[in-house]
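By letter and in written order, the chains are A, B, C, D and E; residue numbering begins at 1 in each of them.
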Amino acid sequence: MSTSTRPPESAAPSLLAGSVEQPTFGEAVSNYVRKVRGGDMGSLPAILALVVLALAFYALRPEKFFSALNIANLFQQGATVTVIAMGLVFVLLIGEIDLSAGVTSGVCGATLAIALTKWDWPWYGAVAAALVVGVVIGTLLGTLVARVGIPSFVTTLAAFLAFQGVVLLMIGTGGNISITDNVIIAIENKNLPPWLGWALGAVAVLAYAGASLYGWSQRRARGLLSAPLGVIIAKIAAVAIAVLGLVAVLNQERSVNPVRSIMGVPIVIPLIAVLALILGFILTRTAFGRHIYAVGGNAEATRRAGINVPAVRTVCFMICSTMAAFAGIIAVSRATSVDPNAGGSNVLLYAVGAAVIGGTSLFGGKGRIIDALIGGAVIAVIDNGMGLLGYSSGVKYVVTGGVLVAAAAVDAISRRRARATGRL
Amino acid sequence: SSDDSPGSGESSGSTDGGAKPKVGVILPDTKSSARWETADKKYLTEAFEAAGVDSDIQNAQGDATQFQTIADQMITSGVNVLMIVNLDSGSGKAVLAKAKQAGIATIDYDRLTLGGGADFYVSFDNNKVGQLQGEGLQKCLDDAGKTKANIAFLNGSPTDNNATLFTAGAKEALKAKIDSKDYTIVADQTVEKWDNQIAGTVFEQMYTDTSGKIDGVYAANDGLANAAIAILKKNGANGIPVTGQDATDQGLQNILSGDQCMTVYKAVKKEADAASALAVALAKGEDPSSQATGSVTDTETNKEVKAVLLDPQAIYFDSVKDVIADGYTTKENVCTAELAAKCTEAGIS
Amino acid sequence: MTQAAYAAPNQAPPPILEVRGGRKNFGAVHALRGVDLVARAGEVTALVGDNGAGKSTMIKCIAGIYGFDAGEVLFQGEPVNITDPAEANAMGIEVVYQDLALCDNLDIVHNMFLGRELKKGIQLDEQAMEARAAEVLASLSVRTVRSIRQHVASLSGGQRQTVAIARAVLWNSKLVILDEPTAALGVAQTEQVLQLVRRLADAGLAVVLVSHNMNDVFEVADAINVLYLGQTAAQVRTKDSSRSEVIELITSGSANGNAAAPALSKTTPTANGSNPA
Amino acid sequence: MSTSTRPPESAAPSLLAGSVEQPTFGEAVSNYVRKVRGGDMGSLPAILALVVLALAFYALRPEKFFSALNIANLFQQGATVTVIAMGLVFVLLIGEIDLSAGVTSGVCGATLAIALTKWDWPWYGAVAAALVVGVVIGTLLGTLVARVGIPSFVTTLAAFLAFQGVVLLMIGTGGNISITDNVIIAIENKNLPPWLGWALGAVAVLAYAGASLYGWSQRRARGLLSAPLGVIIAKIAAVAIAVLGLVAVLNQERSVNPVRSIMGVPIVIPLIAVLALILGFILTRTAFGRHIYAVGGNAEATRRAGINVPAVRTVCFMICSTMAAFAGIIAVSRATSVDPNAGGSNVLLYAVGAAVIGGTSLFGGKGRIIDALIGGAVIAVIDNGMGLLGYSSGVKYVVTGGVLVAAAAVDAISRRRARATGRL
Amino acid sequence: MTQAAYAAPNQAPPPILEVRGGRKNFGAVHALRGVDLVARAGEVTALVGDNGAGKSTMIKCIAGIYGFDAGEVLFQGEPVNITDPAEANAMGIEVVYQDLALCDNLDIVHNMFLGRELKKGIQLDEQAMEARAAEVLASLSVRTVRSIRQHVASLSGGQRQTVAIARAVLWNSKLVILDEPTAALGVAQTEQVLQLVRRLADAGLAVVLVSHNMNDVFEVADAINVLYLGQTAAQVRTKDSSRSEVIELITSGSANGNAAAPALSKTTPTANGSNPA
């Protein structure tokens, strides 16, 4: 806002380390505003769509939608799709698709249930078994795609069919397996004690603050261009408000039954947070994550850079199937059982939709874990809100479709300018 | 199944700010049978309105996740009674447990949630439906003078427990004939999601594989029956006995035209009325135990569940008129111009 | 225009890379029908030829992107069979491709370090990479890049080419191959790259330079290899040949009208028509 | 096979018109062999996969699989998926996807059924209504994708949900709508009289021969490079054998019911053939078709060439939905009714799978109508063969998935060398 | 090296295209901060500048790919606002882009005629297009293309560039803009393209040529426009300026050390810092 009338030379920044002119807080803010105006908006459009949606449902069901109970529901309801979507981001990043992620979650859930009930394994053994099945499936799919060279659409379509059969064979036609293990059931049905919620929230905020400030000081020390301290602190404050605010809401009493108290952060929230942090770390902080983006951006260039592209592809499928296994465990916990439909229906489409709404590209090279979280939230809010409205099935389908397209349109229109500049 | 008294209406209802008690109903899907959207919903709504009780009736569209989401939302919005048709016992059980935690009375509608411990159960007996189909198939074969017959089984969705029960019931009814080798099962396949298009291909391949040597078709519902009849017609083989279920207009028409031998009519209105009476009483804080004359055993917990059990009814050419008389459908819907003569013959006026 | 004031040593330095009779077909298309190349340590070997002569194809075969269908490749005297770019990298071969091969969705730093990221533990050491990348780019006279964290998709043609070149010279390698590295570069940047090429050779590396610009070729190259329609037409020392002679070789495949080339080691046309399928 | 020892110069062909050296028959054949060996194989791998599949099923059910009855079944069973796949090729070619094509066929089928039964329209009116609905849906989807800019995955996912609701609302009470119109029922259930089958077959062969020879003579007259006459004639002979052979098989008596004769080419075959010819003509012979490929290959370059890219995109969606409408009509004819599942289940995945197996790329720019036909045949053969084998549902799913992946692997492995050359 | 033996007419021919004070931002990046250009009928106007100076951006703005954020564009004296390449095409502007903009999945003929296919009725007239494409390519000295029905993906760098150039000159246009058209071309092909450029201008078209090669610029250009960091640093007649002067302008944005340019019409630095957002 105060960058007027500079001499032309200063517009040519030097690249030499140590000689960077660091921006002031005001400059940083105005740069950001200009970036957004220019169309480079990151997650903003998706978040905008989410806010619009939430306000719309709030307007229609004022007392219910923003109640503590419903907010807790939202997380528990959206967990499965979001976790699958996080895994799918890896596969989408390399320009592939995994149509079988949903039914893979079913197979892994069935494995868990069978290990718990038929084999009487302890919960950790059963969870391990489910995850191992996920890894094996991912390895199989990845090998077929990356080494044999079958298009991933066909490979995973075949897997989608085959795994439905596997679930049927595991569970038996028309049957279902109930589980009673308290640890597994707790995931989607129990909450952290309020003090633990506060403690974890505080740890998260402190960790974020520490990492941000450390990175910032390192960059300054090396003389690299970095955001002003004010911006860093503002971001930390925003994160603290969001995290601790959510903890505060969820630590309220939300039982509608006077004789029984329900409060605390649902256990599934820290679980998802940990998974998201690990995956985010892999994508943004490791060489392997960098290679994933590279494969999606230009597989041939990546190969020429000496990177083992089939290996990268295979591992992405493994990560996707492993996340599906987590989702399967969460789904079993939520239903306290598995049935032959597990992971079927629209789970996969919703998960891909979540990733895409968040901003992940189906053509590879573009996407982040946060996309899956935001997109998953959009899907969960739509589902949750529609459930509060109580339409008949036909109308509900139509309205759901309409709301989805409206949310996406908010996103698309606000990204317009990005496309106008051609490349982004 | 009676750990907390089903009468906490006032307290939880108060969150809604109004005094009217409220009933939540979750129907399973829109595709396994037309009845959920077309019949149950209508009758239940009418009954609740008449009783001055608020109701929220939703359909999980065949998706267990949706099913639970809807249940969450109903509990959030403060219903006093939750009535569910489970998609499978497992997810049904989770929902019932949550409802009970929230102090909400529960009713299993049409399908028993094993291990769920609902307060009441209202249903037709699904195994009985299958038995009626089996008996009907045998009767029609007998009528056609076929003592030895090749039978094709066109079963419902492999993931639907009820489809399993229907098939099992039918096979029980036909057991004697099968054991005596009078009847041979020449084909036995399931139809994914009760999809009529898939049913057509599945049946066509049965027909091709057996070189058309099929004398009777067990089709699990009227939609599957129609798919089989279309293939039979194409091959000029229609007229052999085909069973059905649900007494849809299409099924009744196929019976009248002689392409289908029978269907099973479940007087949905009776079932809906019984269930809504229970729900209304529970919502108003009364104890309706006296209405529940029967009981069934939950095979998982070995506990008795208080139940209202209704009888399904087999419908043949002569009894099509009963369905219309019952108000389940109308003469206009069934008796198209082409079928006018048959309608008269069947005594539909 | 004048040949660089650089005299080749009397006994030729050892060849780092040698290709003998390389052939490559794309389906029914014979792109290479017998190519030879010698790249010596400490020397710049220019590879010239008309558009479509097969220069880029030859380079891709050497780098393991395609692999030759037939022929022999010697690396430091050992016969090798490079079928994957990773092998070429491991052997110390760096290539700047004509089509640049950058990942548009990554920024300049990530592209430069792709496949050989600097790490602190398991984490990327972004700061070290950023600092190093800035240094190298500055040394190449890049002055207009707004931010080193820009995606390469938003770079100008010349900026992209500079990034590709910078990427190749970051590493300790034995052989650097540059396919038309200065095509999109400005005057100053071209000068820097030519100097860099010379510096690399002087540091003992073997450099192969593809170029259509005879000025550049005669300025930095020690030896010139001419391709004509997928065949090596001639391998000459720069000091023994003239510009017009080389241009004649490029356009017609032979230097008939020219009698002043005793050192000209023309390859005898092999039985190139024999069907390789 | 006889191109040895040419002087090097002759390897540089002149591009000047009129001076081309035309290849001999032998040269043309050996060029083709070399092309195939080099990895440029067109439809060969998919056809190979098809043959392998057919032989496998033949081995398992010798008398049934290749019976005239089953061959007729095959066409009638595969019709819906194939027609949708043909439409999807257009959307895939521009690098988009239409997840709603299946349910669109359901909506259009329901429109047809309602027009026939509720409104008592004549069949042509009802068909027109169904097609109009298809066009309208396509326009809507195309506009949302091409002008509003919502990713096609999200747009058509929303449509997939919404249209399921529309079908439910349309069919409403009664659950199923039976149709009795003989013309509509005939499409999937009746056959051409044998003489007409022969006549149409002969016309098709003659038309192909005429077009080939005319094009050839034109090229020769202009002095452009063209295949030798021998090759042209060989191709015509192959087409004649295939077409007339099929007619001969289908004109055999195939009834298993002694009292009723069934013979002749199923009506749906010429219908699909006509649709395929029209679409193929659009794609390969018109400027618009060229622009579709261009958009898929490089949308930005196409825009720079002055082509209205959003219009091309929109029309592709319209074509896709219109083909879905045709598929809906065929599906109604086959089931003689519509149910709320119409176009749901795996129809869409099968159709996309068909296009992809045939060789169409999900990334755009690569695909042909014949891909949809061959891929549709692969899917139909799998479905048909599995139906003959009569496995239990779990096993059936698993085997279907396995067979699909095996067929795709045959294709992928035989394409290996194409990928080895990098670009194709 | 010597200026082309071509004297500019005494009264300058009418400008076909005029750009005044063009500006373009990409988000926070100011790519163009006040550019001017005059392209006259019958003249070749060279547009030169360092890598990243904004030449390609300016061309894309003129061609309607981005459109200027601010500034004025006059076409044949009329103010125009070109926001879509189709409009530019319709007005008679042909552009060869630096990134070529070809469809890799189409063959040479289809790329050349893309958007303006020849037709017979509703059918494409493939044969007419093929014959015409072959003619044009032959006239550009293309000798190594195996088949005119090859996909452009399989072409060499130079072959691709030739196709893009051939595409632009197929049509009757008023203004032809070429962004580094000879970067990847061989010696003979470069010569052909420069001759073509001259022929186009002599036929009365306005030609804008972007190039880093001063030889080429001084060989064919009538006027030279120098961009420096997104601003027009100078517009000079070729005959009134020298190579060293232009190079100085390119690298430093001003020609201070040089007093021998009275005709030099330097643009006065505008108030370039005013915030356009």
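The criterion applied here is as follows: a contact is a pair of C-beta atoms (placed from the backbone, for glycine too) under 8 Å apart; a residue touches a chain by one contact, two chains touch by 3 or more.
Quick caveat, the model's predicted, so the values are computed rather than measured.
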item: Neighbouring chains shared between chain A and chain B, ordered by label; value: D
item: Chain pair with the higher count of C-beta pairs in contact (B-D, C-D); value: B-D
item: Farthest chain relative to chain C (centres taken as mean CA coordinates); value: B
item: Chain B and chain D, separation of their C-alpha mean positions in angstrom; value: 39
item: Interchain centroid distance [CA atoms averaged], chain A/chain C, Å; value: 44
item: Between chain C and chain B, distance of the C-alpha-averaged centres to the nearest whole Å; value: 75
item: Euclidean distance of C-alpha centroids - chain A vs chain D, Å; value: 37
item: Chain C: positions in contact with at least two other chains; value: 26, 65, 142-146, 154, 229
item: Residue list for chain B, restricted to those that touch at least two other chains; value: 30, 37, 158, 190
item: Junction residues of chain A - those touching two or more other chains; value: 12, 168, 173, 300, 346, 393-394, 396-397, 422
item: Complex interface listing, chain D residues touching chain E; value: 12-17, 218-219, 222, 224-225, 285-287, 290-291, 293-294, 296-298, 300-308, 365-366, 423-424
item: List of chain C residues in touch with chain A within their complex; value: 63, 65, 84-86, 88-90, 95, 97, 100-106, 110, 114-117, 119, 122-124, 127, 130-131, 134-135, 137-138, 142-149, 151, 153-154
item: Of all residues in chain C, those that touch chain D in their complex; value: 25-28, 30, 33, 60, 65-66, 229-231, 253, 269, 271-275, 277
item: Residue numbers on chain D that touch chain C, as the complex places them; value: 1, 3-8, 11-12, 31, 33-35, 37-40, 420-422
item: Residues of chain D defined as touching chain B within the complex; value: 61, 64, 67, 69-70, 73, 76-77, 80, 117, 168, 172-178, 180, 188-189, 255-257, 259-260, 262, 331, 334-337, 339-342, 344-347, 383-384, 386-388, 390, 392-394, 396
